[in-house]
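Paired with subunit B in one complex and with subunit C in the other, subunit A is shared by the two complexes that follow.
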Partner chain A sequence: MTTLPIETSTESTMIESGSHLSGVSSVIAFARREFRDAISSRWFILYTVAFTVLAVAVSFMSLAGSGSHGFAGFSRTTAGLLNLIMLVVPLMALIAGAGSIAGERERGTLLYLLAQPISRVELLLGKYIGLAIALCCSMCIGFGLSAGVLAWRVGGVGISAFVMLVIFTCGLALAMLSVGMLLSVMSRRSGVATGLGLFAWLILVFLSDLGLMAGTILFKLRVQEVFAIGVMNPLQAFKMAVIVNMNASLDVLGPVGMYASQTFGGALPWILALVLGVWTAVPLLIALVIFSKRGSV
Partner chain B sequence: MIKASHVTKKFGNVVAVDDLSFELGKAESIALWGSNGAGKTTLIRSLLGIFPSTGTVSIHGIDVRKHGKRARSFVGYVPQELAFHDDAKLGSSIMFFANLRKVSHKGAAVALAKVGLQGHEKKRLRDLSGGMKQRLALAIALIADPPIIVLDEPTSNLDASGRGEVIDTLCQLRDDGKTLLFASHRPDEVLSLAGRVLVMEKGKLIKDITPSELWPTESRIQTMRLYLSMGTEETAATVLRDAGHAVNLNGNGLCVSVPRNRKAEPVSVLAKAEIEVRDFEILEEVQGDHS
Partner chain C sequence: MLKVQYIVGLCVLLAAVFGAHAQDTPRSSDEIARLIESAEPGSTVVVPEGVYEGSLRIEKAIVLEGKGLVTIDGLGKGSVVEIAVGDVEFRGFTIKNSGSTVDQEPAGIRAFQGPVIIEHNRLEDVYFGIDLRPAGDSIIRYNTVIGKELKLGRRGDGIRLWWSHNTIVEDNTIDAVRDMVFWYSEDLSVARNVVTNSRYGLHFMYSHNTTLRDNELTSNSVGIYLMYSNNIHLVGNSIINNRGTSGYGIGLKDCDAITVENNALLANRVGMYIDNSPSSVDSFGIIKNNKVAFNEIGMLSTPITHNNVITHNSFLENEEQVTVHGRGQLMLNEFSADGVGNFWSDYSGFDQDNDGVGDFPHEPRSLFRSLLARQPNLRIFLHSPAQQAIELTARAFPELSPMPIFVDHSPLARPPELDLLVSSHQTSRLPMVGFAAGLLLISVISGWLIARQPCLPVLSDSDLSQRVFV
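Here is the complex of A and B:
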């Protein structure tokens, strides 16, 4: 690593240093700043507290439902947390991503950052990584306290399903963060980006299910078609992945779940993980391309 | 150090910078002079590769379009509007930029000391005065000791005392051999700092001259702000320019720089053109004897 001389630089050393300015260190610098900004943001703190309180409450309720000594304490909590996660995590990640670039643009700080010796790709990646770490840390606080309550009362029964829940929740957060960042690079104002993020959340959480149900009835879709369309929604992919990892039967999801179990068997969790991976990579790549091509600040 | 050739930047159908070419040599100091909307800020952003533009720009022989990141490593930039994360502390802010430029903690401290901000590291940016923020922007520009400093109206938000401090620092940098390119509305800044003035109008470079050619006098120069009837500012600016005056339209009246003993002249020129001057005020006086 070459360090720029401060007090006695010459042109030749500047050329040498300039050519070695590493992209990785810029990405790390942005990630560190984004992480620090995120954890000091009041909205982020509010989300973290809300998620933690709800996760711990679900743990206590699942214990109460099984008489404090019920079977599979972690599994019951995992099932209980599923719906909470599907509501809160996408909202949190979409809003965090949506505010990132559009917020910098609106404050005028984006122009100042782009005047530094960095590339737009480094800036976007750094912000993504910083926010992703902050989001995962925030959720791990909630999951950690919830796991603490369960381990204290019932021991480690069903902990593997809980660990998979944490992993898939982080995967869901990364996917939604990518979508949020894509909306952010396309918006000039942070309010517009946040509005688009809320609209995307509404579509993914509520409208896509309703649309799928209506489409199934109207077009008399076959079960494999319903599965294929349903699994395109990252939230549905997440839900199926968590249920499969609880060693529960997908029969609870009806004919579609049965079809998925019978057709894909042991490969199903990997397919569902791939869906989340695609939802992470593709929006982020599109965001990188748009942000690099657009000259707007 | 900077070579711009046929640079053109359009926003839709509006041509903000129109086929502009110039060269800035090592240790030279050039001022960009022109009214609001003349294209100074857009030119600076195009030179830095922030705005895509046509034509070619090279910094230290490096093509900005192809190697923007590397070219910008030779430039320290002070923007017109200071935009920082207000909740951050001064120390962490400058360290962020130090990390971007791979400069050590010591290097950041040296840059802060250069602008007199050492000891303020724990202050939040929202608690800094306009002058301190401006000096912080200058410290960030100087952090890697780049050979070129580009400034976009560096004293626009400062009072007379803050302006003096910044100009003194910039004079010191110029004397130390830094290459300066700055946009300005203020004759005193241009006279103190610039060796050449690029006069811009409607995106075009209309003159590349020395400050003494722009203000051909040995006497003291004063800037007057004229308050005109609504909608006559553009015409008045053209009339005054045609009469040989240096004029700025800055959204709050029309500023014209004149020798102290010819203050009535702009009013008289406008009266002949049947443009009503409602009021005027004298803004400042600067020494015309510049070297």
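Here is the complex of A and C:
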């Protein structure tokens, strides 16, 4: 993606009559460019293939020997997919986000992009939207094949829970992409940004949970404290959201889950969705502020 | 003349309306009482078709037939049908709308003396369903009971036996009640009943010497709970998706001489809960040929539990296979006998000599599980990569590994072929196939739509030179 996408095409659908593009259409233009860059890049294809293969493999393996007990097999599949999603999707989204601005900056192409008659906000939003759509499409391929395996092996059991799984996974990807973008606008070099992205992945996926585990044991935290701290992690919020949609209760997650289910009841899925929403909106807003204030390229 | 015609017409119309109305009008249940009064003891009374209102008390040994066409409506007050004497057969009625006061415990059908035969009845919107107290040597079969829409603990029992020995309870369908419960009743036959959406599917209190065969218990809080009941055989039951807050597929509390055989325990919160069973020192529990699969916990035991022989079961893909309530081990139970153990889907050994038995004992050690036993709040981290990280750590540093909870010396290399009663929950594949195809199409089409054209507006060289190098 080092070459500039200046094409000598006769098509000019994207160009407005005036010399300055309107806000929305320039965002769309950048989103489309970002999408094209993403789906033709090697890392993206690699992640997509890896996610798809793993998703299908998990579906097959958790259904092995399940016979005709449809919904039982379904929840096993979802439990298996959860672990896979929580490992791969944040990695994919964080790295994609981290590489976006810092990569352009390092290659010098950011200079060219900023030379276009658009604002920095529009540029960042366009990049965000393009990458988000690319990520969601990539996951839809994995989920689509996985759903195909489920349909083949156990029929149409648990379809609404599966729909929610897909939706929340996309939500998780958007949140992680936001964080990645924030890291990207803060870094001068793409290597630094990718490193920060990996570090963020390590913190969110492993270190924060392990830390909270240690804290729970050492300080004998009460259920409400464990829940309040745990739910701040977007990955835990995502996991709880998927499970609460699948089982209508968090009782499988022990005392803390029961506390959450009984305290918040029907509002719980919305609270969890809100957590993902905040993790999407806040880092993106900070990234927008930093990026638009930054004088240099 | 015209006026007369009108009046005649009006009369005919009114007669028609009232006539029709008279047939629909509910009659009083006193009419049934009078029919019984005029009948000889032991004779058969066929109740005419219709809806009867008010409660009915039977005080004569008689056969009462509703032929499926008679409804008795209790009008929400007290019990609907009371059988005060033995040798009554009550067949083919629809009973509905009993009272719901807790102190009176009103029932759809209550019998005070056995033997009675209560069969082919449908009970709707009743507080208790069929209540024998006591009515031994009775038969309750082919009844359907649907409870009132109340909170789980506030509902009444679908079928309750109290001190009613030698009773047959078979082929009943129960939905949305509290329990199907057996108090102090021995030598029963409980078979092929279906209990759904209730609290305890089958609940035994101090009731000995019974076989529970081929019952289906689905989506209750608890499937089968035996308490202080000895010499019970649980055979061929299908126990699926019972996951109340303290939900178990099968719960055994202080029961001696229990045999649990050929049952399917699927997708329950806890497949099987053993609380100090057997409780006597010299008694044994036998648990064999069961399929314990897809439960959150396959088998949960109190640490004191001992003398169970657990062989030839299939423990398949339970989130936790076997665990102890609190801390401790289950070393006083046998997980293999005469060279036959169980199949464990998490067995990590192999069977090189191909004799069907794994070459290493199955001694599950999970650091995360042992942490869970110490601090149950950690269960919130189940299904997360952090859990895997902890297990990996324990594998890399064996000194961190906890003691195994139990040892199966002869784990089976292949899941045993079990002949189980499991109703299949197949639904149409089409929505799922459509969903799968939809997801794939969305990604491909949006990819194509977005990527098919060049995306960036092309600026002229003069623009570039003007804007970039300012």
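Definition applied: the second predicted complex is superposed on the first by the 264 of 297 C-alpha atoms of A that agree within 3 Å, B and C clash if a C-alpha of one lies under 4 Å from a C-alpha of the other, contacts with A are read in each partner's own complex, and residues count from 1 in each chain.
We adopt the following convention: a contact is a pair of C-beta atoms (placed from the backbone, for glycine too) under 8 Å apart; a residue touches a chain by one contact, two chains touch by 3 or more.
Nothing here was measured: the structure is a model prediction, and the numbers come from that model.
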{"item": "A:Ile141 touches, of subunit B and subunit C: first, second, both or neither?", "value": "second"}
{"item": "First, second, both or neither for A:Lys127, with subunit B first and subunit C second", "value": "neither"}
{"item": "Subunit A residues touched by each partner, larger count belonging to subunit B or subunit C", "value": "C"}
{"item": "First, second, both or neither for A:Arg105, with subunit B first and subunit C second", "value": "neither"}
{"item": "A:Ala29 touches, of subunit B and subunit C: first, second, both or neither?", "value": "both"}
{"item": "Touching partner for A:Val163 - first (subunit B), second (subunit C), both, neither", "value": "second"}
{"item": "Which of subunit B and subunit C A:Gly254 touches, first, second, both or neither", "value": "second"}
{"item": "Touched partner set for A:Gln116, first subunit B, second subunit C, both or neither", "value": "both"}
{"item": "Set intersection of subunit A contacts, subunit C complex versus subunit B complex", "value": "5-7, 9, 11, 14-15, 19, 21, 29, 32-33, 36, 111-112, 115-117"}
{"item": "Sites on subunit A touched by subunit C in the complex", "value": "5-9, 11-15, 19, 21, 29-33, 35-36, 39, 62, 65-73, 75-76, 79, 82-83, 86-87, 111-112, 115-117, 130, 133, 136-138, 140-141, 143-148, 150-152, 154-157, 159, 162-163, 166, 205-206, 209-210, 212-213, 216-217, 220-221, 223, 226-227, 230, 235-236, 239, 243, 247, 251-258"}
{"item": "Subunit B contact footprint on subunit A (complex, rising order)", "value": "1-7, 9, 11, 14-15, 17-19, 21-22, 25-26, 28-29, 32-33, 36-37, 40, 107-109, 111-112, 114-119, 295, 297"}
{"item": "Touch list for subunit C against partner subunit A, complex", "value": "240-241, 243, 245, 266-267, 269, 293-294, 296, 316-317, 319, 345, 371-372, 374-386, 388-390, 415, 422, 424-433, 435-440, 442-443, 446-447, 450-451, 453-459, 463-464, 467-468"}
{"item": "Subunit B residues touching subunit A - in the complex, by the definition given at the top", "value": "45, 48, 50-52, 60, 62, 68-70, 72-75, 77, 79, 81, 83-85, 87-88, 92, 96-97, 99-104, 106-107, 110-111, 143-147"}
